[in-house]
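Letters A, B, C and D mark the chains as written, and numbering starts fresh at 1 in each.
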Amino acid sequence: MRQIGKKSLVLISALMLVLLAACGGNSSQSSGEGDKGGTINAKIGVISYLTGPGAAYGEAITNGFKLAQKEINEKGKVNIELVIEDSAGKQEQALSASQKLMSDDEIVALLGPTLSTEMNVVGPEADLNGIPIMGTSTTAEGIPQIGEYVFRNSIPEALAIPVAMEKAVKKYDVKKVALIYGNDDVFTKSGFDTMKEEVEKMDLEVVTTQTFQKGQSDYNAQLTKIKGLNPDLILASALYNEGAVIMDQARKMGITVPFVGGNGFNSPEVINIAGKAADGLFVATPWFSEKEDPKVQEFIKKYETEYGKKPDQFAAQAYDALYIMAEGLKNAGEADRDALRDALAEIKDLEGILGSFSFDKDGDVEMDPIVLTIKDGKFQIFE
Amino acid sequence: MVLEIKNICKNFGGISALTDVSIRINEGEIYGLIGPNGAGKTTMFNIITNMFPPTTGDITFFNRRITGIKPHNITDLGICRTFQNIRLFSQMTTLENVMVGAHCRSKAGVLSGVFRPKSQRTEEQQIREKAIELLELVGLSEYHDVVSENLAYGQQRRLEIARAIASDPKLLLLDEPAAGMNETETANLFDLIKQVQARGVTVLIIEHDMPLVMKLCDRITVLNFGKKLAEGTPEEIQNNPAVIEAYLGSEEDDEIA
Amino acid sequence: MLLEQLINGITLGSIYAIIALGFTLVFGVLGIINMAHGEIFMFGAFMGIIVTSTLKWPLWAAFLVAIAVTAILGYMLERFALRPLRGKQGVSHLAPLISTIGVSILLENISHHLFGAGNHPFRNSFAEINFQIGSITVYLVQIIIFVISIILMMALSYWLLRTKAGKALRATAENLETASILGVNTKKIIILTVIIASAMGGIAGILVGMAFNSVNPQMGLSMGLKGLAIIILGGMGNVKGAMAGGLILGLSETFVVAYGDSGYRDAIAFIIIIIILLVRPQGIFGQKSAAEGR
Amino acid sequence: MLGEFINPYYLQIGSFILINIILAISIYVTLSSGQLSLGSAGFMGIGAYTSALLTIHFDLPILVGIIAGSLVAGICGIIVGLPSLRLSGVYLAIATLGFGEVMRVFFVNWESVTKGAVGLSGIPHIGRELLNFFRDAGFDPSSIGMRNNQFTYLLVLILLLLINIFIIWFFVRQNKSRVGRAFAAIKMDEKAAEAMGINITYYKVLSFTQGAILAGFAGALFAHVLAYISPADFAYHRAIEILIFAVFGGSEVILGAIFGATFMTIMPEALRFISEYRYMIYGLVLIFMMAFRPQGIIDENIMQWLKKKLPSKRGRSHGSRNQKHM
């Protein structure tokens, strides 16, 4: 027994040592050393959801960053180095990652984290420490209001949903609506809150409000109830994964009314999953892959050759975000946290692949989303 | 009268394990409970300690009715038992086992156990001293720090007795204490039980080792198929034709046990 | 509307029942709650998708592949997570529970890596066949699910009662040691049990994929916990109890949504667990002895 | 200056380790009387929400909030623990798992108070409150060369460390007392313990409640260190994580729980390159530990060996086993 004890102890100490030794390691993404005169060198920390159930989002986002980084560094002027940390979608890990990044004095700004829940924890900390932080996918309410160092370039639900709702209501002469949303997810819950507010503003009748939970695959009970109440329109605050299945089951049941979805509902995957059943979905988004803007088409082409798949909204937002950072650095003229914050706050009408971009006084997005609808299995601009 | 068992019946799903058994045990005696396997001896122990209730009947302990009282309260009143298939706290040391036995004779709660006021330290010291003394009594003084599952079989049996005595019982129930012991060990056991008796403890013993029972007990009850077959002094029992028949008829069982 | 909800409830309940049958079989024979059963079910569903959507094979092949793969998973579960614990000194009865929780986490994350986190559509022309009865649309798949669940229940009951293998299974269930003394090859029986239970999970996986057109790695956990609730409701190790429990849970979930608050739908299963365990630990159909002594 | 040596990242991780140690001890305490509770995440949530709501809405001091959170969790522990006594082993594990899930659904649905899935933000942060306190007292962290976040996290860490030392001391002492022996006796043989006069109901509920209080306490600390909580923080996966702390480190001795929590918190941070496979590793850890070392990495034998190696302050009068020093 003693022998075993001794061996285990040695093993434990060895494990601990390995861990401690590995603690300092960074996964550093640097490309191009170009240290010519006039180039601003800057390190930017990225916190992203790279492992776990939402890893697909984090992957698209970091791909967007990397693509933009390559282009920006090739152009000269600004040379950006990305330091990427995983948050696994958890607040504690996001906070740890942010501390790790913030304590590196060379890092001038943070991008991410992916989820609004994470931003709620990381944002105040970044603000306290005076480092600009920009969310590229955080759409919940109140994020930029956390503090003056907190920005975002993702369109909040409060901006996107009303636009889509207005257009759909006008077109179909909607009087009665049904709501369905995922009540255990911060993203869909906050989308629902916006919908409810807007429904009240527009004076529509709510026939029923239904909820669903993560991991559920049967929505028939909720949909049967909705069907029985005959709404003119269904407002669905769901992520595309669940949303597509909801539409599929609804169409199978014989529900033909249009759906309006939130930001999370906007993905080519909806068509992929639901097929023809996806027809009649309305979403408002800054991102439209069929846009005839050469910049957009070039981005899609490059992204596809680099990563072998079509970029989604998250990749596009991340791509634009790094350009915004680069612009801020250029205007600031130096890689300094406070100077960068002030420069970011000043950004107006910057043309990106999502359109013309400005920050408002809080550091929130000012831009006009386009309303898309799915028709014949394709996203189209809805006029 | 230490214990009075009045008309106890126990049915298990229609099968009768004990039928109308009455026993009276006087203070200070060693009382034997014998009978072939399945006669209901251990069932009787379980009923006395209220591990399960009797179907009908009553038990009084010093004229106090104890049927329906929770097992740990029965120990509190002064009845403690050992088990046929040794049930020590196997990963505790010998000393700790006996100290657990003193549980119901000590009081320290969470806070005094943690903050250790003087009263707790004195109590803990007393428990420890008592445990050491009892280990000496059962001849295990060299094994304080041995984890009890590493003790030899006979030692485990003796440790169980020490643990039971630590609860200061007025009545001690021993369930086949000599099982698996060799002759020397059995002789030691005899001395031990006599010493326990000398401490003023009444003993009720289930045992298959007939020479030991006959030598040890003041009075004996024989159970057979859940019924009382005979009662009396060892001589009376040895000469009772019904008992002899019952035992001859089930000799093999006896051998196995 | 009531009729439609009834159909929804029965469909959902039948699926729950098939999953619970797998749980109950393993518990009945081994006395182990297999927390990984939900994940094995999820793997079955993914196999269905790969076979029909990616490989474009016919549906019957999907069933065969799913049964084969889940059976292999079941074997591996037994071999690596259960067998090492059996007959070992000092292993607490909680060990298999913890070890199968380990398997469930492992499988869930493997499927994240293999299939991605998103939902996968299960597109099959067979799933589209439907009848119109008045304003109600009934899908053939819904009927099939109900029928299969009944057939599985009856087959399992019959098999346990009548056949030789079933008798051996029951002998094993009653007492592992006695069974092996009586000459039952307990090792083989245990492997067989876990494999059959897992294959049933695989079948359930494909049926769910067809009925709801949605398969994702997280579905295993949610279905698994529901299955757990059902076997507690119906009585551990009780085949008919699993069926009845499944239908009860499916119907009550559906009716909570229809006439109550859909937000509490997921809580029902757990409230059932708590109430049943406190009021009637042996389950509605269970015998008392099953719940005692463990 | 001092500031250069203090990296808030390490302080942060240190804080999480210390909170996780409390959680691991909570499951250890319940297990020490032989009960496996998977409801720790639920109790943690109760503590976190109670404390957060009290401090946000009633402006109560954090300390009061945390104490109230632990107490409410403890009361829930008694309410759940009493009826659960009829259950043992696996059944108890499942009932408590169910309890945890019901609590989560409850947090999600009681929107008017908990704000549902959106979660509670703006919870007073222990470190920042302490910082304000020090500032009001006329002390500026920059005077000793520290940045604000370094100072706040250092304070949090020190505070948590003191709390941990107290908790560990408390339970080590309890283990060696009459109560600890009663727990151990019940764990090893419930019937025999009952026959020795131990009130099983009382001690089982006691240990269950202690576990609930600790989990609630850790939850309250968690809320005030992260300053944001949502129902997803207290879901099934949290319960499993806490279970892993105890299973991996060892559930026989308190040091095992401490080691498990420490190791399992550092591992994903240190080995970020394998973090993609973290949950797979968790799964494998559970399987392998059960198969090869069900008592966890650290058990009594290692404790014995450690005691032999490390010189003990008080010597060994009655053998090493009764001198469990931490």
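In this text, a residue touches a chain if its C-beta (ideal position, glycine included) is under 8 Å from a C-beta of that chain, and two chains touch if they have at least 3 such contacts.
Keep in mind it's a predicted model, so treat the numbers as computed, not measured.
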Components of the interchain contact network lacking chain D: A, C | B
Set of chains whose contacts include both chain B and chain A: D
Distance-to-centre winner among chains (Cα means, whole assembly as reference): D
Most remote chain, CA-based centroid, reference being chain C: B
Chain centre separation (chain C, chain D; CA means) in Å: 34
Geometric centre distance via CA averages, chain C-chain B, whole Å: 48
Chain A-chain C separation of Cα centroids, rounded to whole Å: 36
Multi-chain contact sites of chain B, meaning residues that touch two or more partners: none
Shared interface positions of chain C, touching two or more other chains: 221, 261, 263, 266
Multi-partner residues of chain D (at least 2 other chains): 105, 108-109, 279
Chain-to-chain touches, reported pairwise for every pair that qualifies: A-C, A-D, B-D, C-D
Partner chain A, residues of chain C touching it in the complex: 1, 4-5, 8-9, 11-12, 112, 116-121, 123, 130, 135, 137, 139, 208, 211-219, 221-222, 253-254, 257-258, 261-263, 265-266
Chain C to chain D touching residues, read off their complex: 33, 80-81, 84-85, 88, 90-99, 101-110, 221, 225, 228-229, 232, 261, 263-264, 266-267, 269-271, 273-274, 277-278, 281, 291, 294
Chain A contact footprint on chain D (complex, rising order): 7-13, 16, 104-105, 108-109, 116-119, 121, 125, 128, 147-149, 152-153, 226-228, 230-233, 259, 263, 266-273, 275-276, 278-279, 297-298, 301-302, 304-306
Chain D partner contacts - residues on chain B that touch it in the complex: 49, 51, 70-72, 75-76, 80-81, 83, 87-93, 95-96, 99-101, 103-104, 106, 108-110, 112-116, 120, 124, 127-128, 144-145, 163-164, 167
Chain C partner contacts - residues on chain D that touch it in the complex: 36, 83-84, 86-91, 93-95, 97-99, 101-102, 105-106, 108-109, 236, 240, 243, 247, 277, 279-280, 282-287, 289-292, 294-295
